[in-house]
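Below: a set of structures, written as structure tokens.
Shared chain: chain A. Partners: chain B in the first complex, chain C in the second.
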Partner chain A sequence: MSKPKAKEKFSFKKSLANGDVTAMVMLIPAVLMLAVVSIYPFLWMFRYLMYDYNGMTSYFSGTYNFTRMLEDKIFWESVGHTFEYAALKLVFIIPLSLIMAELMVQKIKGSGIFRVIYFMPTIISTAISALVFSFIFAAYNGVLNAVLRATGIIDQNVNWLGDKNVAMWAVIIVAIWGGFGNYMIYFMSGLSGISKDVYESAMVDGASGLTTFFRITLPMLSPMLKVILMLAITGAFKDYESIMVLTQGGPDDRTQVMFLYIYQLIFGTATTTPQIGYACVLSLVAALIVGIVTAVYLLIAKKLDDVV
Partner chain B sequence: MKNARNLGIKITAAALSVGVLAGCGASSSSTATSTSGGAESTGSNGDVTTIEVWSNNRHDEAYMTEVIEKFNAENSDVQIKYTIMTDDYWNSIQLAYQANTAPDIAAIAASDGIVLNDYVNGGMFESLTPFINEDAEYQKVNETADHMYEGLNSIGEDIYWVASGVRSGSRIQYNVEMLKNAGYETFPTTFSDMVAAAQAVTDPSSNVYGIATTSSAPFVRWLEGIGEMSGAAHMGYDYTTGTYDFSSWKPVIEEAAKLFTNGSVLPGSETQGVDNGRALFAQGAFAIWGNASQEAGVFTEQFPVSFDWGVAELPTMDGEVKGALSCTPNYGYTMLTSCEDKEAAWKVISYLQGEEVLKGYFEGGYSLPMSSYMADLYDSSKVGRLADFALTDYEDVYPSTPAVTIEGDDYQVTLWNAVMGNVSVDDAIADLNERYNAALERGLANGSCTRVVIADFDPMNPSAGTAEYLTE
Partner chain C sequence: MKKSSGEVMSTGTRISRALLFLFMLIIAVLTLYPVLYVVFGSFKQNAELLVGGTNLLPKVWSIQNFIDAWNGADFGVYTINSVLLAVGVMVLSLFNSSMAGYVFARKEFPFKKLLYGLFVAFMFINVGSVSLRPLFELAISLNMNTSLISVIIISAGGAQATYIFLVNGYMRTIPKELDEAATIDGCTFFQIYYKIILPVLRPIMATVALLSFRGGWNEYILPLVFTMTQAEKRPLTVGVTMLKNAGDGAAAWNIMFAGATISIIPILLIYIFSSKHFIEGLTGGAVKG
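What follows is the complex of A and B.
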């Protein structure tokens, strides 16, 4: 039986020589920033969970914020709308960005220009682009209605942002336009990592373009796809800026999503005071929902890995 | 080589750490400097005090710059540093106050929507009463005793800001020719006639509509005023009983809903910002628009209207005015408690709300005068179309209703949803009565609000009653 190894004594000199101390010192700025801008605000939130807090004065309200949350019809509808928005956005944006990435890596003439054009929405302010879309969607004199009428697709103007049946589609169109260029770049980065030799072998074996895509590209892209999907899911669940500009959650709360509702509670309206304590409770619940969705996705992704 | 690289890494790490620590130090040192408030004393030939003034008014920037430059040129002991901040104005002031970097003076108006009680209880606002009592000229110009509104600018005997100006209640702006062509020589005095006029103007085949709304607070633009003048409870609050009762709004909402059902509303205007509506009115896309006195400047400068446009008083349900139209006090200044040199700050407030500055302000068309003294003094012929929005006898400032924390949408959103047909009027009213009264009871229980009761409340003269503030 071998003798257990004696615990090594900490030596500052040795740690310095190993670079441990240097690494720790270099980590200080990042840790400090994380503590100040992320951990502290998160802990601060817990302070007001049981208070009616308007930004100036806080009044103890016991468990009221929690019971209110359970019965809050607008909040739970907003949770449903968030799932609907995220699902529809992802269903369109992921395949679209993958197809565009596949086309962009083909080195077709002029693809560089298109790459810039498609990526541009990512770097434009969400508020500005949503404002421009509000003009495009305008029911009375919007460009979209004019084009659709000119091409004979519709014979009456559609109230894109004011009709409960179409408003969600309008905000999803803006979300797809604003996000697909970003995911396209991610996919292009993944595609560029697949060896050319594999494609050449497939060509020699007589595989068609579609077969190559489904049998080679997709499986080899799967590690990148997993990351992109996770980013897309969490991103879609947290979206609210463009909706705030386009519909403010209307008409009749049809496009109200979780984080927009929380935002409105925190800042109040012309006739309502800020409800920061209640918004803190909803933020916590919303964070839990996004966390659970992400965890479920990671679990499914892991199972798929095992199968594949 | 390796040692040299390690040394380089260590130096970089040390520099970064020192930078971060120095940054923290600098931050606390700058906080310490701002603890002195905005007032800084400098100069070798006697102290010069700089008073920092923040404002959320952009529309009067040119004039205010001029009067502040004049003050700074004429005063060697006190200087004004004037900053305009339009976004998240009161949030910014709150944050600055907590960080000891608040201004000495902040411009304030009733439309800011802040709850005075919270700011006073939070220790942020200085009572101006001792300064006002010593300043007879200020009292004369602003008629301070006549313009104390409990919960809005004063609490008890303490005045926290005084409004020199006022934004009129809503008016109707209309395209004279379009209404004339539809058979209306003057604007209707009853709401049902207004609805009929909007329908008469509407001709979708020519892309012309009777009226337009907006996504930005549509309820307050004109409908709330029609309700108030028709005798509906201001903000749904019954001052005589100290409870909420929105039932008086029913006929008003039902009549307004007809505008949507008969197709008189410009399609999609309820989803567009207020400036879109203004621009389309100026283009002649619809005939009737409603808003307060700011439209005088909008339709002469921002979106100049080339056709003949009229300004009419709001109609009422039966043509009779049964309640006061609420107007909005503005152009006031409040002093923050963090101000170090309060005498100097008062000198600035007294100047900014003095006769000379106010005369130019009102003649420039930036606001309407609140006091009768200034109303008599300024030359109203210089204000252009703002003269059409002059205050009427039935306009008044309502006492503040309890600052309740309601669940769900506020009354403006809920009633507008009923106008749009998203919910029945009866359901909307029942829902509002339940939620607002429940919120009032909760607020009374946790001490966040009081029940205001005015036994002698006169809807035509709401500011005249004697208010009682009950804690249950």
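What follows is the complex of A and C.
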């Protein structure tokens, strides 16, 4: 480790004088919080993998938690729902936020105000916006059904959060509403990094707007796009807060995602007691699933790089 | 071809620009609608809310919902708790991220890379809700489960990496000569931080303040777990969503509308006056950091 010159000059002084001790003391809060809030819970999870633990008493249950997982239909369904949720969310939110970002950097009149509006949902608590949407989606007096009936699109109320066929879509709509402004800002920061000269020369060559977008913007954005996509994928797999408020995983576990199911096992629900050891096993598997998805994504992104 | 200024725009360009504007307007209306719906709805009478309909504005404006929520449903207490939680998280985050960011940027020490790597790794290693259980049990064994302080520490700790990276990134733009000059003038390491670096960090501190305040104000599952058995410690997010599952859900629509509005308005006002900092913090912290 190379020491800075100023430090060598004063090397006869003790570390107390050159601030090394002070520096370590200043790091204490950050290190302490990292250890307690991040590292300790991670290690704790391994402690109960082979135990049956309800929050009060625990006893060794061997491999039961693992065999139970293999046969747990709700868990594997929730894994499927997580993939479904993440895929549907990304398919809509990524193109939408990219288009909005592209429009924002065009400096069309009013884009400053539009940007403030689009980003606004991200500053509101996920729980509160989910609650607001549960009013909007309400089957009998919700405003969505009222509007759809007034315009003649439906003639019978849709039970958005209670009907197995549509509940996932309701959840996705809330996710898109709450998140697209976030990714729009990421894309805008990527787009602003692309040099103006490239666009000007494309214009001189007579390239149309769409050609410019696909031939220049997208390829030049690709390093940034990769980072944004990774954030979006890992983020979507971890979402469960708004689903918890909207449907609590229902109806009939139709919107049950991995991390919500795990939450209900850890803290119990109105009708079940906590099953913490089992939840630890599922958490580990869920974390592995997210890890594998991320790794696969990185691999594909790299392969695409070689092709393009 | 000249750059497209107003005069040289062709009719085609003008039409496509108008269509784009219309598209942006529609998305803006859809984005704004839920917020306007709940804010205006909170001034409706419960009878009107329960009937529903397409009206955005109340037929009769009434502030009764807010009075009921404040007096009858403990929303005064919830609001105070939300403020304490948000301010606590903000103060702790400012204090912590400025110090850690400064040390990381200016000091070489053993295992620095490892420590930095751990911060990065635990931004991504996320075992989700399971981590709340050991923290909850830890708080119980330390007798801290009845105070909002544990919620503040956990909330600030969970988000600290982003803020430290933001400060660290900003530190790189501050010339080291500034520190060196101060050292020659006899400043100690801490005095340099306190007297010289901290004032220079002000813009990034504003960003950290806003992001962390929002983080604390909007925290939901964490305080939900910690206040499961103590209604008097609940912040707004928990208090208002609790009503939804309280059984007589329909009867409390007006209270929930008022509660949601009380939760949204302060953070919305802060956002409207400082949207630039919010947006800069996002791009600086997550993508570049």
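Everything that follows uses one rule, which is that the second predicted complex is superposed on the first by the 274 of 308 C-alpha atoms of A that agree within 3 Å, B and C clash if a C-alpha of one lies under 4 Å from a C-alpha of the other, contacts with A are read in each partner's own complex, and residues count from 1 in each chain.
Keep this in mind: a residue touches a chain if its C-beta (ideal position, glycine included) is under 8 Å from a C-beta of that chain, and two chains touch if they have at least 3 such contacts.
All figures in this text were calculated on a predicted structure; none of them were measured in a lab.
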item: Combined model on chain A: chain C and chain B, fit or clash; value: clash
item: Touched partner set for A:26, first chain B, second chain C, both or neither; value: both
item: Chain B versus chain C as contact partner of A:247, first or second or both or neither; value: first
item: Winner by number of chain A residues touched, once chain B and chain C are compared; value: C
item: Touched partner set for A:196, first chain B, second chain C, both or neither; value: neither
item: Which of chain B and chain C A:138 touches, first, second, both or neither; value: both
item: Partner chain in contact with A:129 - chain B first, chain C second, else both or neither; value: second
item: First (chain B), second (chain C), both or neither touched by A:107; value: neither
item: Partner chain(s) touched by A:118 [first = chain B, second = chain C, both, neither]; value: second
item: Which of chain B and chain C A:238 touches, first, second, both or neither; value: second
item: 222-230, 258-266 or 276-284: stretch of chain C that collides with chain B; value: 222-230
item: Chain C-contacting residues of chain A that also contact chain B; value: 19, 22, 26, 29, 55, 134-135, 138, 140-142, 248, 267
item: Of chain C, residues touching chain A in the complex; value: 1, 17, 20-21, 23-24, 27-28, 30-32, 34-35, 37-38, 41, 49-54, 92, 95-97, 99-100, 102-103, 106-110, 115, 118-119, 122, 124-135, 138, 153-154, 156-158, 160-161, 164, 180, 183, 188-190, 193, 214, 217-221, 225, 228, 236-238, 240-241, 244-245, 253, 256-257, 260, 263-264, 267-268, 271-272, 275, 278-279, 282-283, 286-288
item: Chain A residues within the chain C interface of the complex; value: 1-4, 6, 18-20, 22-24, 26-27, 29-31, 33-34, 36-42, 44-45, 55, 100, 103, 106, 108-111, 114-121, 123-136, 138, 140-143, 145-147, 150, 177, 181-182, 185-186, 188-190, 203-204, 206, 224, 227-228, 231, 234, 238, 240-241, 244-245, 248, 258-259, 262-263, 266-267, 276, 279-280, 283-284, 286-287, 290, 294
item: Of all residues in chain A, those that touch chain B in their complex; value: 19, 22, 25-26, 28-29, 32, 52, 54-57, 59-61, 64, 68, 72-74, 134-135, 137-142, 157, 159-162, 164, 247-248, 250-253, 267-273, 275
item: Chain B to chain A touching residues, read off their complex; value: 6, 9-10, 12-14, 16-17, 19-20, 91, 94, 113, 115, 118-119, 121-122, 124, 207, 215, 217, 220, 235, 266-273, 276, 280, 285, 403, 405-413, 417, 420, 422-423, 442, 446-448
